[in-house]
Amino acid sequence: MNAELDSLYQEIILDHYKNPHHAGLRDPYEAEVHHVNPTCGDEVTLRVHIAEGTVVDVSYDAVGCSISQASASVMTDLVIGKPVDEAMSVHEEFLTLMQGKGTVEPDEDVLEDGIAFAGVAKFPARVKCALLSWMAWKDATARSLEETR
Amino acid sequence: MTLPGLLPELEVIRKDFPILERTLAGGMPLVYLDSANTSQKPQCVIDAMVDHLERHNANVARAMHQLGAESSEAFENARDVVARFIGAPSRDEVIFTKNASEALNLVANTLAWATGDLAIGEGDEVVITEMEHHSNIVPWQLLTERKGATLRWFGLTESGELDLADIDSLITERTKVVSLTWVSNMLGTINPVKEIARRAHEVGAIVVVDASQAAPQLPVDVTEVDADVLVFTGHKVVGPTGIGVLWGKRSLLEQLPPFLGGGEMIETVRMERSTYAGIPHKFEAGTPPIVEAVGLGAALEYLAAIGLDNIHRHEQAITAYALDGLATIPGLRVLGPLDAARRGGAVAFEMDGVHPHDIAQVLDSRGVAVRAGHHCAKPAHARFGVQSSTRMSSYLYTTPAEIDALVEGLEHTRAYFKVG
Amino acid sequence: MTLPGLLPELEVIRKDFPILERTLAGGMPLVYLDSANTSQKPQCVIDAMVDHLERHNANVARAMHQLGAESSEAFENARDVVARFIGAPSRDEVIFTKNASEALNLVANTLAWATGDLAIGEGDEVVITEMEHHSNIVPWQLLTERKGATLRWFGLTESGELDLADIDSLITERTKVVSLTWVSNMLGTINPVKEIARRAHEVGAIVVVDASQAAPQLPVDVTEVDADVLVFTGHKVVGPTGIGVLWGKRSLLEQLPPFLGGGEMIETVRMERSTYAGIPHKFEAGTPPIVEAVGLGAALEYLAAIGLDNIHRHEQAITAYALDGLATIPGLRVLGPLDAARRGGAVAFEMDGVHPHDIAQVLDSRGVAVRAGHHCAKPAHARFGVQSSTRMSSYLYTTPAEIDALVEGLEHTRAYFKVG
Amino acid sequence: MNAELDSLYQEIILDHYKNPHHAGLRDPYEAEVHHVNPTCGDEVTLRVHIAEGTVVDVSYDAVGCSISQASASVMTDLVIGKPVDEAMSVHEEFLTLMQGKGTVEPDEDVLEDGIAFAGVAKFPARVKCALLSWMAWKDATARSLEETR
């Protein structure tokens, strides 16, 4: 029965969970959002700093399970430093993976550590956990673009 | 293994519940410890519903033909069964709703439109508690916000009981309604409903008792507990979804304005104006949950045949055993009273270093079904400074061996997440 | 005997409905002609519900374990099935209620608390029709009375159709809501919903369509009919009681305040204040009708497999045959349109010298189940100067031989009461 | 199948239905009530004239089925001219008969033509029809006693 579990809790995920990257809230930022998973109560407060079309920083304070925490950590690795467009398309790719019910083959070149979440797609109840911080990031990014327009 | 207080025929009872024979992924047998969320259904309930659908289905009240008479009789018989189950002085005081949430909203919503004595406005207060299910919080927030009244609440002690220290300053002449849960779905606490009702009645307030968690496991007598309104939900008392019960004192129900309009709740309808039927029909607009009432009736008769006293003893025995087992897990903290004799069978806990989602996931991989999250009781979680918790909840079919499976599962979880 | 338009596999279809094999008092076979009141259930619907209760029962959304995932998937799958059945642009626009009556009340009740554009007050008008079911009259009476607005309505022509002559003076800039039935449950009339919706939208009114009698027998497409809200009820589309459907345009649903509070309709709850979930959950407080949704999903898939066009043709063929048969009875007067192509399958009538109760009683002694009374449409009866009527209503399992049994029964009734 | 029906539609009932006694609304009266059977819409408007503790007159205007019409007719026969107490106890007796599901043996000395309704008790849907005018009479009587107090 651990095989099933191991496909969910990949080592990479547990590593990010124990040592999350880019955690904490930092200045400067253009937009801060607060997202909740109503089913379980997991929460994330997330800030985005964008300059000249590039995601300069994403900082966050999150309470939640291993999947949602690790996902926030991996997300920041993937988007920080990227042009907003490119980061958005990584987001799309991650979304597709999560909604694929385990049928989508992840592209390591694009998703890097994010491929570890392929197993999550087979656990419908956990998909929301993996997406919480990504949704918050997308929302905050949209707002900061409006802000700076 | 056996414990004092366990239902003697436990293995026979388990055979009544077909789902308990299920195996899950990896061939794991089901260990269902999520009964406070929804209970499983015995064969007799399923069979009663099937028999109704296959042989007696018709609309009620309106139909004069033989099927209609059979269906109406089955439906109204369920009302009699409910009335007996809760000791209602009159069957007419028993109203079928879709669930406990609708029943609570019905009261709050009709009070919003009430005139005269019952009208609620500025300066008036509604008192609830910090351990309520969201379904007994939000309706009162909506009511008080919309009418300019004030919502107040009992706080909780460290051990998860109602803090009654300031009851006299909380329930005052301004209090119009006191609404509280009999048994908490998160902390398990059994509240002194009768004592609070006494104080509420002294100031002339209406007492609403949420018996959603009490009805499954305690003998309920509406008069004894001194409620004006008492609600519970079908799916937690081994009945189907789609049905709940609102019991209310006749004088109150007659005074309240109608809730939903249409169908059978009328006396006469003209385009200009309508008049309304007497209780219970006044509050049952449209086609009621007929097959659900049949199922609920069968469910309550099943529970009554086993005996609520016996079920309560069984729950206490299992809960005590579970509390003992949980106490052996390092870093585990139970939220709520630790004395099984003073609580219901829902036990929520935290475990250091592992999030409730992850605990539930590991348990699930071993076939053990528990709930993780806020259990629709966010304020109670906030009170104890936690975001979410893991909750195991037993029922009349739960065995000590299933508790052992839970405890082993928790040990395994700690190992899996390399805690401690 | 066969008629053009009848479902070709009628005998096979009848075998799907276990109740049709029942015999009644005196060994009479059941002739069920009360389907507009409630429809009978095919085995596949009953089996889907049993399978859910015996193997997959758990609460939805909240539960993370395998049973919870299975139950949630089954429940949400039913939402997809409903969305397809009515051509909803988005599954999130499909809300499960307890019946059609609750769905109509949900709209009227949330409008009562709406602010901004949607707010209704003095000077505003709600327009309904004289042929509405009480469930589409009383909610609007309550709303307009409570908010000081005015209720107006379309009258009926002698032949039982909406009198559209003064549509432009009825639906005006003051009109906030136009709520009407697509198919009358008493007169059988099919209303020109689209044409009325066009006029209503010109003045910016919300169009609410009661499809309780349409959904069972016509192909429904919410966009095509140009509704803002459309409702129907599970038990009339071969599904179970305890469930109804409200479809609404996303923009409208998002703008409306919440209806019932509690359970899954929240985003976050603090004692001081709560925020609410997005649609559809915002309007689904408490444990939803889970096993009922599973049954409804199976029901709509059953109907879709047979084809709503085919069912509609069948209903028209049976209705034409029934109208012909009824025309042979001296002193019998049908209320409503006499052209089967322009009406639904509910046919209400009067018969000189015998009261509807007595007609229904004599028919029942012969196994023929019809409805007698006002069919929750008192104003439509009043319009035609009658207190009550007898109504036969067919469905996809009705045979011409059953219509023959009705007609013979009516002849017998006249003889029994020594009329003519 | 007519045997069942005949037990419901006794000749006496059909006679009263065709030729109802005491029909129409008359003066004087102390109370007038209007009762409806919400299920089917049957209605009765009924007046009671009581003097010196005796039911002097009961007059009515009723729309309804054979059972409800015949019941009104029989009821007036039974109560007019009786002391209120005695009429009430006839009412009780009739109620008991109707609620007995066909198990109560009617007493012809008390109920006279009312015994013809024994068969109605076996048809739960029709019991309300038989009771409509009786309930109206009881209500009107109570009101007229208050009135004249």
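Lettered A, B, C and D in written order, each chain numbered from 1.
Basically, contacts are C-beta pairs under 8 Å (C-beta built on N, C-alpha and C of every residue); 3 or more make two chains touch, one makes a residue touch a chain.
Which protein is which chain? UniProt says A, D = SUF system NifU family Fe-S cluster assembly protein; B, C = cysteine desulfurase.
The structure presented is a predicted model; accordingly, all values stated were derived computationally and were not measured.
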Rounded to a whole Å, what is the gap between the Cα centroids of subunit A and subunit C (cysteine desulfurase)?
45
Mind checking the centre-to-centre distance between subunit A and subunit B (cysteine desulfurase)? Centres are C-alpha means, answer in whole Å.
37
Report the inter-chain centroid distance for subunit A and subunit D in whole angstrom, where each centroid is the mean of the CA atoms.
76
Expected list for subunit C (cysteine desulfurase), residues touching two or more other chains, is 25, 62-64, 68, 264, 266, 268, 357, 361, 372-373, 378
Listed in rising order, subunit A residues that touch 2 or more other chains are 39-41, 123, 126
Make each chain a node and each touching pair an edge, then name the shape: line, ring, star, complete, other.
other
Full enumeration of touching chain pairs
A-B, A-C, B-C, B-D, C-D
Note which residues of subunit A are touching subunit B (cysteine desulfurase) in the complex, please.
1-2, 4-5, 8-9, 14, 39-43, 63-69, 123, 126, 129
Quick check on the complex: what are the subunit B (cysteine desulfurase) residues that touch subunit C (cysteine desulfurase)?
18-19, 22, 24-25, 30, 32, 34, 37-38, 40-41, 45-46, 49-50, 53-59, 62-68, 98-102, 104-105, 108-109, 113, 130, 133-139, 141-142, 146, 151, 153, 233, 235, 240-244, 258, 260-266, 268-271, 273-274, 285-292, 357, 360-361, 363-364, 368-373, 375-376, 378-379, 382
Touching subunit D in the complex, subunit C (cysteine desulfurase) uses residues 25-26, 28, 355-358, 361-362, 365-366, 372-374, 378, 381, 387-388, 416-417
Any idea which subunit C (cysteine desulfurase) residues touch subunit A in the complex?
61-64, 68-69, 72-73, 264, 266-268, 277, 281
Help me check something: in the complex, which residues belonging to subunit A touch subunit C (cysteine desulfurase)?
36, 38-41, 123-126
